[in-house]
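Common to both upcoming complexes is chain A, partnered first by chain B, then by chain C.
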Partner chain A sequence: MNVENRTTKIEVPILARVEGEGALDLEITAGKITKCELRIYEPPRYFEKFLEGREPNEVIDAVARICGICPLAYQAGFSNAYEAAFGVELTPWIYDMRLLMFLGEWIESHYLHTHLLAAPDFLNYRSGIEMAKDYPNEVLRGVRLQHLGNEILKLLGGRSVHPNGMKVGGFYRAPREEEVAALIPKLEAALKDAKDVVEWFSQLPFPDAEVPFKMVSLRHPTEYPVFATEVITSDGETFNINDYDEHFREFHARQSTALHSTTIAGEPILLGPLSRINLNFDRLPPHIQEMANATGIKWPSRNMFHSIIARSIEGYWAIERALEICRNYTYTDKPALEYTPKAANAWGAVEAPRGIQIDHVQLDERGYATAIRISAPTSQNLPCIEANLRSSLETFGLDKPDDELRLHAEMVIRNYDPCISCSAHFLTLNITRQ
Partner chain B sequence: MSTPDKLINFAKRPKIAVHKFSSCDGCQLALINDAVSLLELATIVDIVHFAEAGPLDEFAEVDLAIIEGSVNTHHDVHRIEMVRAKAKYVLSVGACALTGGIQALRNFTDEKELRHWQHDVYPEETEVIIEGDLATAKPISAYVKVDFELPGCPINTGQILRAIRQILFGVEPEKNVDPVCTTCKHAGVTCVMVAKNESCLGPVVADGCDAICPKLGRGCYGCYGPAKYANMDAMIAKLKEMGLSDEQIKHKFHHINSQAITFHGVTARTISQ
Partner chain C sequence: MIKTLILGIGSPFGDDRAGWLVVEELEQVPAVREMVAKNLLTLEVADRPGINLINWLLSDYQKIILIDMVKTNLEIPGSIYKLQASKIIGFSGMLSSHSLGVSASLALAKELGINIANVEFWGVEGSVALPESEVSQAILTGVSQVSQKILADPELHL
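Here is the complex of A and B:
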């Protein structure tokens, strides 16, 4: 090894403020990144296997445990799959309540991520706790909004982490009208907070991190997508979720216990808030489109750092939509539909806060699972995160000190709000310079 | 040495670390989700390591290490030993840390079946997984000495803040020994088993959640693990009487806390006896 090939190895213990455990291996040779691998080593837990032989509602309770931050994404995805399998057509009441509950998860997850995990990056703090000393009002506002999301989850599920309210065919209990009415003034007050958050974030300094890849989201016939059966891409394709495998390929990469997804041709794909808002801008009500345009960002945007803005706009939309559902609420004594289990194969998909969560069940004649597939948004995004890191670090300047490179890499990764326990946890950054 | 004596020299302003092992992160959220309390907590203790919230110093000397998650890999065996060596006290939180959690369902497989699982889920690079995996997902106490434990899947904010407060006062976190039924009776919740013939594990499961499921009109499924005094024979007899198959009964106990001794022993054989 000659002098030019001298190797410097820097180990950084953990990437903070992501939910998970992993490591980033960077190899820099002659001013170019020659290796960029996100290693994820969350210990495998084998949900797909130990749920074989289980009855439907046991699976709904169990899959919440995949991820403490977005338990409902799994519960809703699997409920959708079972309901498709058994031919259950949800009543408008059940659909609205499912949507309300899931919007609770969007609100909770988006404001937790943007305020405690992401915003400190833009304002140069190491944590939300540290940032709160200088930005107490902003942090408390975000926390208030996050709590409102939790409150919605609690109303319909008894608690916000691993809620217990949802079952195949509907809910175990319908809330009383006064319980739902109690949310209305809180949601009304939250609209102003949420608008202020959008304005605050639009003043943040945004580095450049272009993602040139195919953007993918669900597409709802009439509104912004949360539950839907159609997929749309930035290349103009639309197809049913049942054909997901014809368009994307899931595989296991050596560096990770999380499965990766790409297009069939091997290109990374991007799921999540930025893809959603880009592909569904027309599905936002006009006044929210105006609010989004007033941020000064030209939509569609390919700058991953705009994800924080996308989340705040989605947060505003979610609060407004939740408010509408609450205002129109009437009690029912039939919060769930009966169904007859049968042997079937079915897909279920939802837009989790981080992107499309898509699940597949294969069931025997009792409706018990014989095979299960779980595709979490973070794992589907992994090839995109790696490619995005490669290009944005090169743009940032590889000659910068390792500490600055590390902070920038962390910031790029946090844009994806990686929920690594879905897939896998904790990040070590290894930089090798040659 | 009794616990109060043991805690007598506990630091007035302790250093605290929060560590994650194999888990869903849901128990850490009990602290993060209530950011107001977390900010307040940060004024009375020094949070030196809590990766998800920001502070990083994994192997710093601490007064109290709070542990979430189970141990399922060789790497984590090493890590938990390091964490223990640097901590004066260890507090395990949640079903994964206390009993191995839902992922401990792998402990019922034999070597051949686990290989099959590994191949099925990670078809391309199975060897990497086999190299890292242990045959079992086990609680923290299976590897190191644990001073205090909080059950739950997940634990809740009140529970963890109360436990930290109690430790700061020099007393051991209180244990909830009553079954879920006690809460239902106190709260006047209609018994789902009596009124709706809905199976409910409340008679044998520890309370701590405040009877969330019966309040939603459904049966308890065991998040907080077995109650201290659990009459399993009577519980199993009741479930059979309600028409549940042996397999269904076994699955009820082999779920979130399958490795808790009281539940672990429930097999098709014990049910049919």
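Here is the complex of A and C:
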């Protein structure tokens, strides 16, 4: 049958190597995509509702349970919101420890994703396990780096999964100097590994595909953004996180239990490592800018497949910054500040590994939550992923066999390292051709 | 004497606590505490050891014992299983950063050329693993049986 006249439905019932459960429904009619929907069918988790009526530190402990990979995004986002609400100004010690712990999360998340989930796509393996047969040293290196991130998390959070060391105003305990010093030689050794990872990824074959989306990230006054209150976009906009709703809107999409986000005008927005590095290249130290330029990529890049390189560069930066913090560490017996609860409306934002995590709290006079809003980066990226799939698959060739289309679709989606469980909730591909 | 890691895997949900409960029982045994004090035995619990299992396999443990609830529906709840790692690496399991299961982690370790012959897996057949659910009497019986079997392992000198 002539491809121009047929309608094909491709169903990807369960997408592998992503977090959570969802499916992709693709309908191709007369050589055009007529339907492209990411169907997020994980049940809603109702975190926002059952956190109402709870005191601040109960919320900080509970939100760590949202995700096993990026628990800190939620803890730090809410800590920032509460601290803004109660007027708590963090000491440099607390800020550095928060940053160190968060860098641990970037390190474990980025190296796990890039080595076991994303890299097999570029090297034509079905899984990280299959790739490990031919690339054992590379995979082991990724595992080592991932583990280092977990060690940092455990140091400050008591455990690497669902850590609970953070509280409003600081931490429950300060690590002993010898505990932090023990990380230094490991971080020093990791720098060489991380540099080698950047070089390895820069040799991968990248499909030629550009995305037109508005890129959005946080902007820190002096360094690469992790915690910040200013948002910037690739269209030159700058605004405070308190004004997020004036620029972006969350809405319910019929096919998804996760909320979607776009600009007020309905344009998709792209959050995550590619946006971060594009918008904050000048905030990387000069030698890391050189490393990024040596990959052969012209930054800023609009090729989503370059996200794997962006993650590896961020990983290098995170290790170097963590090393700096550890070398300057001194013990304190005041790891947290006192605060006085009060009624407030406040926002908190952090750059989670997958993009901006925005949290909003409405509090009564005791500081108890009367309303909570959690906007995870994956849910904000969903319209972008759908739009990217449409253009990417059309460029790839809609006349390709279903299996090839499915694999390419999965690869496009994995560039976003989506966390469906977080966003409420990944991939089954259902393709219909007519 | 060999250096051993005993890792109980589970969650707070009903019968899924099995791995944690075995470790809790073992912690009460003076001979176990003595071996822990001598740094010859490590007791750990985890909800999802995932890829960290690779790091444990690369460390200096000569033997690693994993305990987890299993649901085969082939045996009655409380039944216990002892398997070598090589027997469970073919079990299905999602490979994602959120759910890199025990079998996937062991399969990855094998492909990386890491010795998994020293890994022993104890399973306890469970039935209910839901939030708020209690541990069933059957699983408690299975937990005690696994604890006794581990304590009787001549390699551990307990």
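Observations
Criterion: the second predicted complex is superposed on the first by the 418 of 434 C-alpha atoms of A that agree within 3 Å, B and C clash if a C-alpha of one lies under 4 Å from a C-alpha of the other, contacts with A are read in each partner's own complex, and residues count from 1 in each chain.
In the analysis below, a residue touches a chain if its C-beta (ideal position, glycine included) is under 8 Å from a C-beta of that chain, and two chains touch if they have at least 3 such contacts.
Small disclaimer: the values here were computed from a predicted structure and weren't measured.
Look at chain A after the overlay: chain B and chain C clash there. When the two structures are aligned on the shared chain, A:Ser127 is found in touch with chain B and with chain C. Look at A:Glu267: by the touch rule set out above, it reaches neither chain B nor chain C. When both complexes are overlaid on chain A, the residue A:Glu188 reaches neither chain B nor chain C. Once the two complexes are overlaid on the shared chain, A:Asp402 sits clear of chain B and of chain C alike.
Using the contact criterion defined above for the overlaid structures, shared-chain residue A:His252 touches chain B, although it does not reach chain C. Looking at the shared chain after the overlay, A:Val139 reaches both chain B and chain C. Judged by the touch definition given at the top, the superposed model places A:His113 against chain C, while chain B stays out of reach. Ranking chain B and chain C by residues of chain A touched puts B first.
Looking at the shared chain after the overlay, A:Asp61 reaches chain B, while chain C stays out of its contact range. Residues common to the contacts of chain A with chain B and with chain C across the two structures: 16-20, 67-69, 112, 116, 127-130, 132, 139-140, 143, 146-147, 150, 160-162, 421.
Residues of chain B that touch chain A in their complex: 20-30, 32-36, 38-39, 42, 47, 51-56, 58, 72-73, 75-76, 101-103, 105-106, 117-118, 120-125, 128-129, 132-133, 137, 153-154, 156, 209, 212-213, 215-218, 221, 223, 247-248, 251, 255-256.
Residues of chain A touching chain C in their complex: 16-20, 67-69, 109, 112-113, 116-117, 127-130, 132-133, 136, 139-140, 143-144, 146-147, 150, 160-162, 419, 421.
Interface of chain A with chain B (complex): residues 13-21, 41-50, 53-55, 58, 61-62, 65-69, 71, 108, 112, 116, 120, 126-130, 132, 139-140, 143, 146-147, 150, 157-162, 164-165, 167, 172-173, 251-254, 257, 259, 421, 425-426. Within the complex formed with chain A, the chain C residues making contact are 46-48, 51-52, 54-55, 94-100, 104, 107-108, 111-113.
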